[in-house]
Amino acid sequence: MKTKKFKEPLTNTQLLMTITICIFIGMYLLAMGILGGGFLHAQQIFDMLNDNASLIIVSLGLTIVMIGGGIDISVGAVTSLTVMSCVLYLNRGGSVVGSILLAIAIGLAFGIVQGLLISYLEIQPFIVTLAGMFFARGFTTILSVDPQKVDHAGFEVLRKAKLEIPWLGYYAGNGNLVPARIELGVFVALLCFVLVFILLKFLKLGRAFYAIGGNQTSALMLGINVKFTRFISYLICGVLSGISGFVFTMHTGAGNATNAAGMEMNAIASSIIGGTLLTGGVGNPIGTFFGALTLTTIKKIVVSSGLNDPWWQSITTGGMLCFFILLQSVVLSKRSKKKK
Amino acid sequence: MKTNSKKLFAGGLGQLTIPLIAIALLVIFNLIRDPSFFSINLSQNNDGNIVLAGNLISIINGASELAILAMGMTLVTAACGGQDISVGAAAAIAGDVFIKVIKAGSVINAGIVILAFLSACLVAMIFGAFNGILVAVFRIQPMIATLILYTCGRSIAYWINGGATPNVKSSILSGIGSFIPGIPIPTPVLIVALMAIIFKLLFRFTSLELLTQSVGINESAAKLNGINTTFIKILSFVILGVCVCVAGIIGTSRLGLINHETLLLDVEMDAILAVAIGGNSLGGGKFKISGSIIGAYVIQMLTTTLYAMKVSSTDVKAYKAIVIILLVVIGSPVVKKKFDKLVRQRISLKKNDSKGAAQA
Amino acid sequence: MQTDPLLQMRHIVKIFPGVLALNGVDFTLRKGEIHALMGENGAGKSTLIKVLTGVYSSDGGEIKVDGQVISIKSPQDAQNHGISTVYQEITLCPNLTVAENMFIGREDSVWIKRKDYEKKADEILSNLGIPARSTQELGNCSLAVQQMVAIARAVDMKCKVLILDEPTSSLDDKEVNMLFDLMRDLKSKGVGIIFVTHFLEQVYEVSDRITVLRNGELVGEYTVEELPQVELVSKMIGKELGELSSMGEHEEAEENKKEVFYEAEGLSSSDALPFDFKIRKGEVNGFTGLLGSGRSESVRAIFGADKVTGGNVKINGKKVSITKPIEAMRNGIGYLAEDRKRDGIIADLSVRENIILALQVMNGILRPISRSEAESYADEYIKMLNIKTASRETPVGSLSGGNQQKVILARWLLTHPEYLILDEPTRGIDVGTKLEIQKLVLKLAEDGVSVTFISSEIEEMLRTCSRLVVMRDRHIVGELKGKDLNQTKVMQTIAGGESENEDKQ
């Protein structure tokens, strides 16, 4: 008997991800065709990336936690705390490298504490990370209630560093060529994306996340250290929140107590649109990446359509979320019926 | 007394042990810090009513919305094993509907307020049913299902009154939000008591408690015993809708205006917390509404204590987080198990001692 | 004949607080043999297995593998000594591929060598003749294949001793045969297999040797040839045959005079093929057949537990529609589900609440049973069924299996059903309670209640039922009554046309 190459049917992860990517592309093409304008410029995509680099990073971390069957709602608050800490540190004469380390250290600290409480003391993740969120938000205002602007020469250089691609640019109204601009933060986000992708796809640890999310008891029987694996998932998520905070600082150049407000819910929404299930075991960083893009595209489309009232954005976002959630529910239940 | 304390430590009070200890510790802490913290006095308010005043009153009064939401949240948690994170947004919608209906009439009288209340209630129940259907029929995790309304709820509220934040001056509304002339107790407190009694009666005169717990603990078995699990789950969300409406109206009446952006902001997190502090499992199943109510007061007392210690309102969250973590660590299964083991060892040691003494 | 002892357990003692769970039990496993470990629940089978796999530590005795004394302190230890276990529930992750499931948790590097794993996995799978692809998502495989993948994983971990704990309980006939082929194959490769099961027929199909335990003590070790099935049963329950058959003599003549209570024509559900069935008042009938033959699915269709897709149902001659459990209950039907833990008890609720549940549901949400009423009901049934519980407020989850089952029985008796369906009411409970339940069934019938009784143990069915509906491959293949009610006849009917196939082997 010869082993033939057999084309496997799509797994749940792949199926949900494919749906999202198709919808994203379809939506974008539609926007290009109907709305035109900004959507015809490459800069539109780069702007979306520039504005959402930190959201993408945070969503990646959350995806890991959700694959492991957990939840972390402290990510937005930790991002905010990191922004404020970095800004204050830089303004007191800190170095750029120091601020990067500080960002990672803050994220790591949250990851470790929350991870320990959830994995080793078996406290519900929602409550632990809720407390984490309260703590980070509260601590941000303890640091400073007033908005703080970065005033640091070294950091400004980093902040202004942009990749300019002339041939992807466009001619503005006055006839000048405006090159496409990509901020440094986008590259950080891409690096994080590649690392998370490798971790989940090619590392033993990554598969262990899927295993504990798929069936915790089985994972234990298969010789996986469930507690440690879960701990690491929160730790990685924490570190990514820290990095996201630094990227956020690079993007805005200022700290504000209301930074990244509601980011945790946007991150959860991105993961879900990207095909991650809150029940665990199913998810993919590619899906999450497109999930975040889909989320912002919807908002852009709403704005470009001339629906300027602020409530339109969140109502369409909610509607879109509802659509994706129902779609997933229907697709998955159809699948499980077919199997029977 | 001794047996009582023993019972307390052996978990005799069950799930209420930890929230009660928390309250006791907060009371003791405050009494040491400021012996007059809990003094209550009668004073005349702006409307010329003689009313009760003091920290204790403001704690109990301030926790009203939270306590009402926590009651409904407990039911949803028990039946569905998940939480509704859209209660704040839904309350804003209810508040906006309430004001919109009141404003529609030319005069504000009791009839129109009741009509406004009923319409707000209906809207909140419809949104609750929407969440419930997503959870029960489409089998979506409650948190994810309610994320939808969480995302767009306040925008819907905005749309109802065209983005304005209309205010209403009316003695009826101030009667709901602060005091009814002649009664020195804040009305919201009375409403909490009323809601608690309604829940008590609901559990007394229907079998909702047993059915909800059965669905939450073992859905498959509940189904085979003829329980309509879909109905029970949707019902729990609809009941939460009523609670949301009541809480929204109290919040609106307190200020006499509706601000869709700030009304009961972030209350969903506190409500879930109240359920957890009350010793209810967030995974569903057995529940005690009384626990959640106590949980709400723990949260409010903590907040008020921090305010009294001159912690600024934005910083409170950080300290609150530390206390919450302490509470859940004490209540965590691992710590509990270790503690139980310790207690049992002590008891068996004592038994052996007394046995030894008897033999001697 | 191979006789090298591969595994020797000598005088194993295990004490739980207040209970001597294993009292000096010996067990010997030879190379390349399939050794069935038999005993009623509570006999000490699972305790012995858990001592061997390091879940429990023993309180006495020694374990030798290949003649060397070893100590097993954890499941990991057991695996290092070549002892692997495949449990009744699939302990693999459904969202990973077959290859990943076979290698996860025992990789030596940080990286996943996907291609290597897949190649190796495909080799092992084809060697063992397991119909699965390494790249397939495990959740897409049938339960049997999942079970086999678990075995493949164990085999690849160089196991010498393979413990199969109730591996067949969720498999259908064909899948069981696939599993048995695999077992025989492994046996020929020199692996010693310990086979724990409740199905007597299966024991005789694959095993070479049988060790019987009873009440924590060794009854004896026998070769399959020297221990006929009937004797095995009597060794397991510790009673002689005469005693067993003395219960319940049926008077057939009278049966036919009683009126029909329930009648179904062409009843089918999402899980059951159309079938006809009727039961008279005060009659005890049984559904028999191997697991997966459709017997549970059929009674579930009667109760409306699965989606009913067609058929006419008459109760007392009147046409009714039963598509939901509540409708069945309103028509006087009660159903005790097969899986007590999953479909029966509400573990965290008290005995009282569990007992009144069904009656409460029938009363409707607006007519609650008052506390005092509930208490008196609970007390009445606790006394009547002799339920051993600390109090009526004890959470039912903390009771023993037999007492949990009695609580569920009480729940249905309280609804005063006219027709009670009992699906495996005696599974996994002690002998004493079993007899009590059998007696109760006969008593109910005397009082005019129709009872459908399902059990994996044919002996038990013969003792209680006056009519047996025999099923195979989801079809009713026969109905036995009167003098046809004996073990041989039942076996023949169950086996039916398949006897030809067996001759070929």
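The letters A, B and C name the chains in turn, as written, and every chain counts its residues from 1.
Keep this in mind: contacts are C-beta pairs under 8 Å (C-beta built on N, C-alpha and C of every residue); 3 or more make two chains touch, one makes a residue touch a chain.
Remember, it's a predicted structure, so these values are computed and weren't measured experimentally.
Here A-B and B-C are compared, and the pair linked by more C-beta contacts is A-B. Farthest chain from subunit B (centres taken as the mean of C-alpha atoms): C.
The distance from the centre of subunit A to the centre of subunit C, each centre being the mean of the chain's C-alpha atoms, comes to 47 Å. Centre-to-centre spacing of subunit A and subunit B amounts to 32 Å, using the average Cα coordinate of each chain. Computed from the mean C-alpha positions, the centre of subunit B lies at a distance of 45 Å from the centre of subunit C. The residues of subunit B never reach two or more other chains; the list is empty. Of all residues in subunit B, those touching subunit C in their complex are 204-208, 210-211, 213-214, 217-218, 220-228, 285-286.
Within the complex, the subunit B residues that touch subunit A are 83, 134, 138-141, 143-145, 147-156, 158-159, 163, 269, 272-273, 276, 282-283, 312, 314-322, 324-325, 328-329, 332-335. By the touch rule above, subunit A contacts subunit B in their complex via residues 71, 117, 120-124, 126-128, 130-135, 137-139, 141-142, 145, 257, 265, 268-269, 272, 278-279, 309-315, 317-319, 321-322, 325-326, 329-330, 333. Subunit C meets subunit A in the complex at residues 75-76, 87, 90-96, 100-101, 104-107, 109-112, 114, 122, 126, 133, 135-137, 140. Considering their complex, residues 1, 3, 6, 8-9, 11-13, 201-208, 210-211, 213-215, 217-219, 221-224, 281-282, 339 of subunit A touch subunit C.
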